[in-house]
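In what follows, chain A forms one complex with chain B and a second complex with chain C.
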Partner chain A sequence: MAQRIVVDPITRIEGHLRIDVEADNGRITRAWSSGQMWRGIEVILQGRDPRDAWLFTQRICGVCTTVHALASVRAVENALGLEIPMNAHYIRNLVQALHALHDHIVHFYILSALDWVDVVSALKADIGKTVRLADSLAEWPGNSFNRFREVQAKVQAIVDSGQLGPFANGYWGHPAMILPPEANLMAVSHYLEALDYQRKADQALAIISGKNPHIQNLSVGGVTAAINPDNEATLNTERLYWVKQLAEEVRGFIHNVYLPDVIAIGALYKDWLQYGAGVTNYLAVPDMILDTRGTKFDLPGGIIMNGDVRGARAFTSTDDPFFRDNVAECIARSWYSGDWTRHPYEEETVPDYTDFQDNGKYSWIKAPRFQGEPMQVGPLAQVMVGYGLGHKLTTRYVDDALSRVSTLAGARVDASVLHSTPGRHLARAIRAAMLSDLAIKHWQLLMDNIDRGDLAIYNKPTFPAGEQQGFGFHEAPRGTLSHWIVIRDGKIRNYQCVVPSTWNAGPRDSADKDGPYEASLVDNPIADPERPLEVLRTVHSFDPCIACAVHMLNPGGEEVSRVKVV
Partner chain B sequence: MAEQLAGQKFKVSRRGFLKGCTLAATALGLSESMVPRLVEAAASPQRPPVVWLHFQECTGCTEALLRASHPDIGRLILDIISLDYHETVMAAAGHQAEKSLQDTIDRYNGKFICVVEGAIPTRDGGIYCKIGGRTAMDILAEVGPRAAAVISIGTCSSFGGIQAARPNPTGAVGVSELLSGPPIINIPGCPPNPISFLGTVLHYFTFKRLPRTDQMGRPLFAYGRKIHDHCERRAHFDEGRFVEQFGDDAHRRGYCLYKVGCRGPGTFSNCPAARFNDVDVWPVSVGHGCIGCTEPDFWDTMGPFYERLPGVSIPGSGGGIISDAETAGKTILGVTAAAIGIHAAFGIGKKLVGRKKDEE
Partner chain C sequence: MNRTPNNGPAARTGILGIGNILIRDEGFGVHCVRQLQEEFLVPGDLEILDGGTAGIMMAPFMESVQALYVIDTVNLPAAPGTVHCFSDHDIRAGDIQGMMSPHQLGLLEILSLCRLRDRAPETVELITVVPADLSTGLGLSSVLEPRIATVIALLREKLAERGIVLQPRPSAVHA
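After this line comes the complex of A and B, so read on.
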């Protein structure tokens, strides 16, 4: 008999998300993804100074801090045709890499590991066996007998106190939790260490950006972090070496803890490699820019349609019309008035709340489409596109990770297993490893440029009379982000953000095609409808961010419809 | 040997903890003799229960806590407080999560701390933010009055924040405009420095009362002075050495950022003293002016952010440099304070509890 399961709120994500599923005979047959908050940031931007937009848009999200800032300054620069100095690109690239390292570590350990790791089971672990398990996966000083014993005692103390805090009412002892106690103890220990390493990545980021969350070192035209090796109040050699040292420490954690943990969980949960593929159209944009014209990149981007990885098609510049002309958003199933599909420059949005309608409107999130199709975005999309295009760094990491999964699982797996719930986690860890290498590389590029005597960080923008349109894209930790701006006489006339979690968490469209979350849930098992852990596993694997996904409104928004809530 | 090393490791972290308490005591303006009481409060076996509500927000305030070092987030939630409801970190979801919330407010009625992150939308009956099928207004109305104290973390829950910027499409407001009853303290900032929040928490657990505040409900230990007062570039302001454009020679010499938009002369916060992320930085360190994010309605009153803040006398314009700057600060504060006075008066009597849903 079909059964309706509502998970509201979905926790351990940014923002307010509700997921409904119908299950029949222990399998999910249908799913709805619904964003539950709306703030209207874009209408607030109307009429303001385009130079200020990045400060506003960054506040769309404090988890994805930095990403809306970067996309925004790029959109304004694109509208003005303004190139920025190479130092500004390198500093922005470091912002991208360092923030992503923090973000991926936090996502795996703090936001999603508890779906796979049974904290209470760690109490039964044999410490000696835990050390041997950890040593078999990687060399890491934190994997010691005393460390594991200390962590086990800490878990015991919390359980004994009766105050479980954030671990209360978790799905402990759930039949879908299959890790041995030793793997659980190791993971809990790494959870606590992850808290330290995510902070180191933030510290490196703060040195070049003043603080975070919400960096304050950008400007339309470049960055404001003045470089001067002969001054104590600017970025000088001492400051820059501090960045490098922290980045190297974080790189060690990613290579020796995060990546091996994800490989192990992928192998131990190998039955899950068949679940969660959903939409296998992938979209990623190129990033880590290497020239002032925006035509060379250290991370590739492009599209894959219908899982045809070898048929990947690349985006070739920050102004590529193949990207610009093919993005649209549909509101047929979203709480906005109308049922149209429009290009971001042309969108008009009037909120129209109807409460949750299975066959009507049911979300504040819009449904973005590329050439009319839903696209999955995120680290998996980026890794798939890189793999399909033969990008060397991506290929090396993917092949190495798959071979290690194969060894641990005792069965040969190829890249097709990446189209899955654990595949999204593995791709994210691979992307983190790549970015930890690229952070060091771009730090060196910056130092080489300074060595050549280039201290330029800024080209002043000027706003001509009349109207300009521009877009800026950025491959954020959660995937492809694009900002679209229309400027008239130096003021913002229209502003739209098409955001990673909008691509992934969006509802159905006018053609009734499922969004990626929805498609990925279909056919997932449900062992216990009262405790739908499997739903959390698949939804969390996307790294949802709902503040980002729901943010839009246009001028007509003042005429909001009046709704009675019963 | 391994045992010894482990013992040392524990001692180091214990020392780090004491250092954290000492720093917190300093931040709070307490004498060193208070450190043992802070340590005792922070390590008390019965961890005080905390309920953390997220409304219209970006999670930046929670993320700021992830960056805190003294205490760090692990120590905070495992050793110091019992974080019984927090959507971003809790293991439970759906009705199990809602059960955690209900259990806590029933079991610790009148005794738990309620932290609010994010503004509350009031237009159209509050439909713009719903959790577990209920509006943010309803949840605050149920949980807020039963708390021992409410801490509004960030500018959004303190004053409405970015969603309340003109034209405020969702009718977003801060907590103090809706709630009366329990004491409320505001920790604004976008996001605030985690030290300002943690210092408040430790103060409350140590002395069983909230720290002293200014007329906007902000603790004096973190918001008692203008940015301008403790800025390391103040001497350049006083001497008339200004950056004219990002990237110019004056910018590379670390001169004053007032002319490229710094809001320091009109903003009350500890940023230059407390600094961020334990790497001794704040926005001015990376050549960008303050944007005034601890002030109410700063999105509307402080922008455009790259134009000079009006109403500040430039040194050399007569009357004595230092006194000019002081006067300027007071003038700006006077305006903000008056605006807040009206704001607060409007809030009194406008109680959330018992409000009709269709009321705006």
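After this line comes the complex of A and C, so read on.
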């Protein structure tokens, strides 16, 4: 007999996402993803100076501040046809990479590792065996007997105190937790170390961007961080070398801890490689820009339809009409007035709340579509598109990771296993490894350019009379982000943010096609309806943060229970 | 470049304003720290951060101070504009868990992460106000606008007890 399970809220960070699933015989048969808060940024921006938009958009979300700032200035520059100096691109690329490294480390260890790692089980680990396990995966100073013994004692103290703190909400002892105690202990130790390394990425970002959590060095037309190798008040040589040192330390953690951990978890949970694929249309935009015209990139973007990875089609510039003309949002199942599907330039935002209607409207999130189809976005989309297009860096990392998973799992796996819940984690770790290499590369590109005497950082924007439209995209940690702006006589006439979690967490559309979260949950196992760990695993693998999709507090403010079986 | 919590020596006392300035009164904490920085000279042993709704990014700041004051809104069954202080003890006891805004819960989680690393501030105090208007928009409601001065006065008293005196900026002295 079918059971309805409601998980509300599902995010461990900002935002408010509700997931409903129907389960029958231990399998999920149907799912609904619902944003429970209303978005309203567009309303605030109308009538304002386009040069100020990024200052507001970076307040949409506390986790993704930087990405909204970047997409916003790019949208205005696109509307004006304004090129920016190479130094500004390199600095923005560094900002982008450092922010993403911070974000990916936090997402894996703090926000989702505990779906797979049983902290309490770590108490049963044999320390010597834990060292041998860790040594078999990678060399890392933190993988020592003394360190693991200390961490085990710390976990013991927490369990004895009865105050589990950040571990309080875990599903300890759940039948779907299958890692050996030694793997759990190693992972808990890395969880604690991750806090240091996310901080180093954050610190490097603060040095280059003026301030965290809200960066200050952007401007429509470039960046505002003056470069002068010898001036203490500017971005000088000393500060730049400090950034490089921090970036290298973070790179070490990603290559020797994060990536090996995810490879090991993917191999140990190999049964899960069959779950969670969902929508296998993928969308990613190119980023890490390499020329002033925005036609060369260090990370490729494009689309894949119906899992046809080799048929990937690329986006070739920041002004590519193939991207611009094919994005639309549908509100047939969302709490807005009407049932239209419109291009972002043409959208309006008029709320129309009904109750949660299984077959009607049930979410504050709109349903974005590309050529009318739902698309999965995020690191997996980017890695798949790069792999499909034969991008060298992506191919090298993917093939290496798959070969290591195969060795550990004792069975050969190919790239098809990436269409899965653990595949999303693996792709994120691969993307982090690529970005950690590219951060160093773009640091060097910046230094070389400065050495050649180019200190330009800004081209002044001018706003002609009449109307201009523009879009700016950015491949953010959670996937493709695009801002769309209509400017009239120098003021914002319309502004829409089509954000990664909207692509992934959006509801069905007028053709009744599931959004990616919904599709990915269908056919997932569910061992215990009261403790739906499997639902959390799949949804958390997308790195949900819907504060940007919808960010208002629920005016009703009703009590919500975390899990409800009805 | 601005001074950030990430460089320079560890400060002893921190003031953290949190909230979302796009949701009117939700942004109260941010408006408070902005006004504080505009009106007063900030001594070297005091760090002030506009944390927005930043979650984990606030951790380094929280780990760099011995005493932390957090300014935020709170969802309490009291009249809008009511100012209420919570002590570290209230937080540890879990009395207020579930009563705060979404990012507030994030704050408590982050504090517990800092504790796990033995790097939490020795004392944490939350100075909160009950919001009147949580609609989309900028700027505070007329109920909360005057509460900025109330909270700043309260904060100056608390800082004075710790031997930190905030002097008005010369340009900010009003007739």
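Note that the second predicted complex is superposed on the first by the 545 of 566 C-alpha atoms of A that agree within 3 Å, B and C clash if a C-alpha of one lies under 4 Å from a C-alpha of the other, contacts with A are read in each partner's own complex, and residues count from 1 in each chain.
In this text, a contact is a pair of C-beta atoms (placed from the backbone, for glycine too) under 8 Å apart; a residue touches a chain by one contact, two chains touch by 3 or more.
This is a predicted model, so every value here is computed, not measured.
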Check chain A with both chain B and chain C modelled on it and let me know: fit or clash.
clash
If we overlay the two complexes on their shared chain A, which of chain B and chain C does A:Asp543 touch? Say first, second, both or neither.
neither
Per the contact definition in the header, classify A:Glu77: touching chain B only (first), chain C only (second), both, or neither.
neither
Have a look at where A:Leu195 lands relative to chain B and chain C in the superposition and call it first, second, both or neither.
both
Is A:Glu518 touching the first partner chain B, the second partner chain C, both, or neither of them?
neither
Using the superposition described at the top, determine whether chain B or chain C touches more residues of chain A.
B
Contacts of A:Glu534 with chain B and chain C, given as first, second, both or neither
neither
Let me test your reading of the model: by the given contact rule, A:Asp118 touches which partner, first (chain B), second (chain C), both or neither?
neither
Looking at A:Asp287 after the superposition, I want to know if it touches chain B, chain C, both of them or none. Which is it: first, second, both, neither?
neither
Using the touch definition from the top, say if A:Glu182 reaches chain B (first), chain C (second), both or neither.
neither
Can you list the residues of chain A that meet both chain B and chain C?
12-16, 38, 40-41, 43-44, 56, 59-63, 65, 106, 110, 154, 158, 165-166, 192, 195, 198-199, 202-203, 206-207, 210-214, 216, 225, 233, 235, 547, 553, 557
Which of the residues in chain A come into contact with chain B in the complex?
6-16, 36-41, 43-44, 48-49, 51-52, 55-56, 59-63, 65, 106, 110-111, 114, 119, 144-147, 150, 154, 158, 161, 163, 165-171, 192, 195-196, 198-199, 202-203, 205-214, 216-219, 221-222, 224-228, 231-235, 242, 353, 455-458, 460, 531-532, 536, 547, 553, 557-558, 560-565
Can you list the chain C residues touching chain A in their complex?
1-2, 4, 6-7, 20-23, 26, 50-60, 75, 101-103, 106, 109, 112-113, 115-117, 134, 136-138
Residues of chain A touching chain C in their complex?
12-16, 38, 40-41, 43-44, 56, 59-63, 65, 102, 106, 110, 154, 158, 165-166, 192, 195, 198-199, 202-203, 206-207, 210-214, 216, 225, 233, 235, 239, 547, 551-553, 555, 557
Any idea which chain B residues touch chain A in the complex?
2-3, 5-6, 9-10, 45-47, 49, 54-64, 66-67, 69, 72-74, 77-78, 81-84, 86-94, 96-97, 99-100, 103, 121, 123-133, 135, 161-163, 165-170, 172, 190-191, 232-233, 245-247, 251-254, 276-279, 281-288, 291, 299, 303-307, 357-358
